[in-house]
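Look at the two complexes coming up: subunit A is in both, with subunit B in one and subunit C in the other.
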Partner chain A sequence: MLWALRKALTLVSVYFAYMMEYRGEILFWMLSGVAPFFFMSAWSEAARRGLTPYQANDYARYFFAVFVARQLVIVWAHWNLSEDIRSGKLSFRLLQPIDPVWVYLADHLGERGVRLPMMFAITLVFFWLYPHALVWPGAAGACLGALLAALAFGVNFLVSYSIGLLSLWLEDATEIFDLWYVATLFFSGMLAPLSLYPQAVLQVIAWTPFPYLVYAPAGLWSGMEVDWRRGLLALLFWNLFFLLLSRWLWRAGRRHYSAMGA
Partner chain B sequence: MEVPLILAQNLSKTFTVAQKDPGLAGTLKHFISRRYLRIAAVRDVSFELQSGEIVGFLGPNGAGKTTTLKMLSGLVRPSEGRVRVLGFEPFRRCAEFLRQITLVMGNKQQLIWDLPVLDSLRINAAVYQIDGHTAKERAREFAALLGLQEILTQPVRKLSLGQRMKAELMASLFHLPKVLFLDEPTLGLDVNAQLAVRDFLKTYRDRYGATILLTSHYMADIEALAERVIVLHRGGILYDGALRGLTDKFSPFREVDLELADDVAAQALAGYGEARKTQRRRYRILVHRQGLMQALAEIMARFDVRDLAVKEPPLDEIIAKVFSEGEV
Partner chain C sequence: MRYLKLLLTFWQTSLAARMEYRTAFLAAFLEAGLEAAGKLFGVYLFYANGFDFGGWRWQEALLVMGLATLLDAFFIAIFNPNLRRVSEMVQDGRLDFVLLKPVDSQFWMSTQQFAAVGLPFMVVGVAIVVYAGVISGLGAGGWALLALSLAASLLLAYSLAFIFATTAVWLVKIFNVVYFLNTIVWTGQYPLQAYTRPFRLFMTFVLPIYFMTTAPAELALGRRTALWLGPLFLAALLLFIASRVFWRFALGYYSSASS
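Let's look at the complex of A and B:
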């Protein structure tokens, strides 16, 4: 147990150091994720014209929470894994007595260590520009939102990792993740609060992981009505589902690994 | 009878590779109906290694050396046959097995490119469960052996190729593996760096009693390290035995270098073997082993010999000859 903790801490701290080398790139990457602020402007304007059930400040609060939630769940394991499989670099990970998934996870967690302080700075700027949007969701809301965001990251990571593993069969599976992203864009609340979606759509997407990836944590943080119990259970279920899927893909796919280029 | 540390029985590996003709027509054809070719990278290979042996794996590109190493280290699954290393089935990736082996690939690196070598060593120490004090001592010991003391805190990307390869060795051997699979460990290195790597490997073997299976295109590596060689050709074993035996088996000639007092034509020596003049009054004759003593006696009696040396032909020439002929 102690060794497991030491391995985890060492991996995360080394990958944090690695990501610090790319702090500039990470900042630009974060800035490229400001789409929620454009949606915020559009929906706030609609609110000012009385076209929506929410006020402009509600949208400011919600879309800022969406921005934060998105920053916390961003993943790229599919890209790293696909590259490692095609270049043969996966061989080094296979030679070590540790499941490679932990290395890819540490890579993400180390990056969060660099991203979080930058996100804090962006938060300060946002609330300086939009002081009326500043509403504390309460300790319970903040913590529950953080828990849901962590679980949403888990789902996203496992999906990304599973898609990366498809590169053991395909030339390059990275583009498949774009399909996942498109579905996330439309059905996770990134374009609009899900409460504005037609009931029929909501009933269908409730059976998918998408509403819980962004809307659940963002809704909790921004004070919207969110069924957090259902969100928690759904995220736990989808984590388990994609965990089992990724393990199966790993076992089946390893037989196809030819360690080319290595 | 001693249980072999490494056992390969009727080992085969076949890869399925898509074939595509060049040009637009080839691309469209490839899209509609893909052709696959089954390539037998390794065919029915069997050998055993005992603990502490250093064995050189020889063969031209595509002979199946690297694929065999990948099967022995558990990276790829054999299509047929049986492999056991330290009593484990490598493909299962049992942690106890992985803790005792390493694979060094001269054309690849495990070190994290943008961080100092020490950061990669920190990861290895944690992954292989080496405590902090031991890890520090080992880093100091290996750095001293490889002459890397000054560069351990520099980012890997700033190191020269030779330094990187040495650091790579350091990281790969940091957990003191009992079995070393080395695939071209001196690839692209200058002569000094090659020597340093060879010395390090020798010291490591002597100090820790490791078993080493080594491939290299540099015969000097094989000659310096290996007592036994396995020659692979087109996926199968051509020869498995002592390094010296390779010369006897594949080259039945000895090279006689002569310096005579008088300048004679090379034809005068042609009766003893394939003779040629290398300089004024200097000659090289390839004499059959069995007739060597008689030929030397006759030459000494017939000519005024100033200097004489009998050598085995260079190993790389023999190997090249074996590969070009492709048969025993």
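Let's look at the complex of A and C:
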């Protein structure tokens, strides 16, 4: 157990150091995640004209939470895998006495170490501009939200990793992840709080992972009504589902690996 | 003429190279459809809650959304794949080879790639614009104004993207800078009047998203007189000249990988 922990720590710290080098890039990447603030502005304008069930301040709280939740679940394993498979770098990873999935996971966790301090800075600026949006959701809400966000990251990472493995058959599978990304964009509550969506749409997406990837944690943090029990259940189920899928793809796909020198 | 021929050759090779990845193309088709449906749904959500973006009929709002989709397609097909290479080439010193070629280096850096996955987005964007234009009752004059102002807005977006990408000469690894602009432009899918005042000011004077989607729609619909076309083109041209000057200035600071 101890040796596993030590290995994990080493891997994560290596990738933390690696990502520190590219902090400028990460900053711009974070800034490209500011779209929720524009949606906040549009819904606040709607609220100012007195047309929606929420107040402008509710939207500020909600969309800030959406911004945070989205930052936490960002993944790019599909991109790494696709690159490694095409260029043959995967060969070296196969030689290491460790399943490559841990290396990709460490890459993501190390990056969070660089992203979190920058997120803190953006948080300060936001609450300086919108001081009324600063409302503590309570310890229970905060912790539950963090748990759901962690599970949401799990689903996102496993999907990204599985799609990356498809590159073993398709050469380049990165565009397939964009499909997942677009579905997340529209059904995870980034356009508006899900409570404003029509009932019919909500029923269709109720058991898909999408409403829980962003809306569930963001809703808990900003005091919207969230069915967290169902969210927890759905996220656990989809984690298991994509875990099994990715294991199976890894087993079946390795035989197809035929990059330079393999 | 020579540059036109070059452009054709560049894009033919790009298309041929990407033909290898047919699944990607298929996925892009699905994605373009899904994204248009999602954006439409977003507009619907506002109207269903009784917010008309500050005085836009829904077919007019659709026109703005279509223009944003079209602009986005240009980012996917041309601006993103080319301009991320500025950063790549500064990083490994391959920019040397571009500078040695007997072609204008800005032209080469901006046009050499063409991503086929952008094509489905263009098709969807044109379809939405044409549909929205027809049901908004655009006349021949309206269409002409729309086409002209769209050309100006594309030039504006390109110049801005190129200026952003040029900063790679100093900052080296900044692939994401063009994506940053791409997502900001994404917010142009709603008319400017949908946003609160500080955002409106930002989108007009800091990052001129207003001139890219809302302004062409306003011109075509006759909400502003055709005279506004002049300043629109002037702004686009000035920014284009600025991008050329900035590129030359930046090259002065470029130290290749070996020197």
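In this section, the second predicted complex is superposed on the first by the 260 of 262 C-alpha atoms of A that agree within 3 Å, B and C clash if a C-alpha of one lies under 4 Å from a C-alpha of the other, contacts with A are read in each partner's own complex, and residues count from 1 in each chain.
Just so we're on the same page, a contact is a pair of C-beta atoms (placed from the backbone, for glycine too) under 8 Å apart; a residue touches a chain by one contact, two chains touch by 3 or more.
Every value quoted in this text rests on a predicted model; they were computed, and no experiment measured them.
Per the definitions stated earlier, placing subunit B and subunit C onto a shared subunit A by superposition produces no clash, and the two fit side by side. Shared-chain residue A:G223: touches no atom of subunit B or subunit C. Of the two partner chains placed by the overlay, neither subunit B nor subunit C lies in contact with A:P100. After overlaying the two complexes on the shared chain, residue contacts for A:V14 are found with subunit B alone; subunit C is out of touch. In the superposition on chain A, A:G113 contacts neither subunit B nor subunit C. Taking subunit B and subunit C in turn and counting the residues of subunit A each one touches, the greater count comes from C.
In the superposition on chain A, A:A35 contacts subunit C only, with no contact to subunit B. Remark: in the superposition on chain A the angle formed at subunit A by the CA centres of subunit B and subunit C amounts to 90 degrees, rounded in steps of 10. In the superposed pair of complexes, A:D178 makes contact with subunit C only, with no contact to subunit B. Least inter-chain distance for subunit B and subunit C in the combined superposition, rounded to the nearest angstrom, is 6, based on C-alpha atoms. The contact surfaces that subunit B and subunit C form on subunit A in the two complexes overlap at residues 22. Those residues of subunit A lying in contact with subunit B across their complex are 3, 6-7, 9-11, 14, 17-18, 21-22, 88-89, 91-92, 94-98, 254-255, 257-259, 261-262.
Chain contact summary for the complex, subunit B toward subunit A: residues 15, 70, 73-77, 91, 93, 95-96, 98-99, 101-103, 105, 107-108, 110, 112, 114-115, 119-120, 122-129. Within the complex formed with subunit A, the subunit C residues making contact are 20-21, 23-25, 27-28, 30-31, 34-35, 37-38, 41-42, 45-46, 48-51, 53-54, 117, 171, 173-177, 179-180, 182-184, 186-187, 190, 194-196, 198-199. Within the complex formed with subunit C, the subunit A residues making contact are 22, 24-26, 28-29, 31-35, 38, 41-42, 44-46, 48-49, 51-52, 170-176, 178-179, 182-183, 185-186, 191-192, 196-198, 201.
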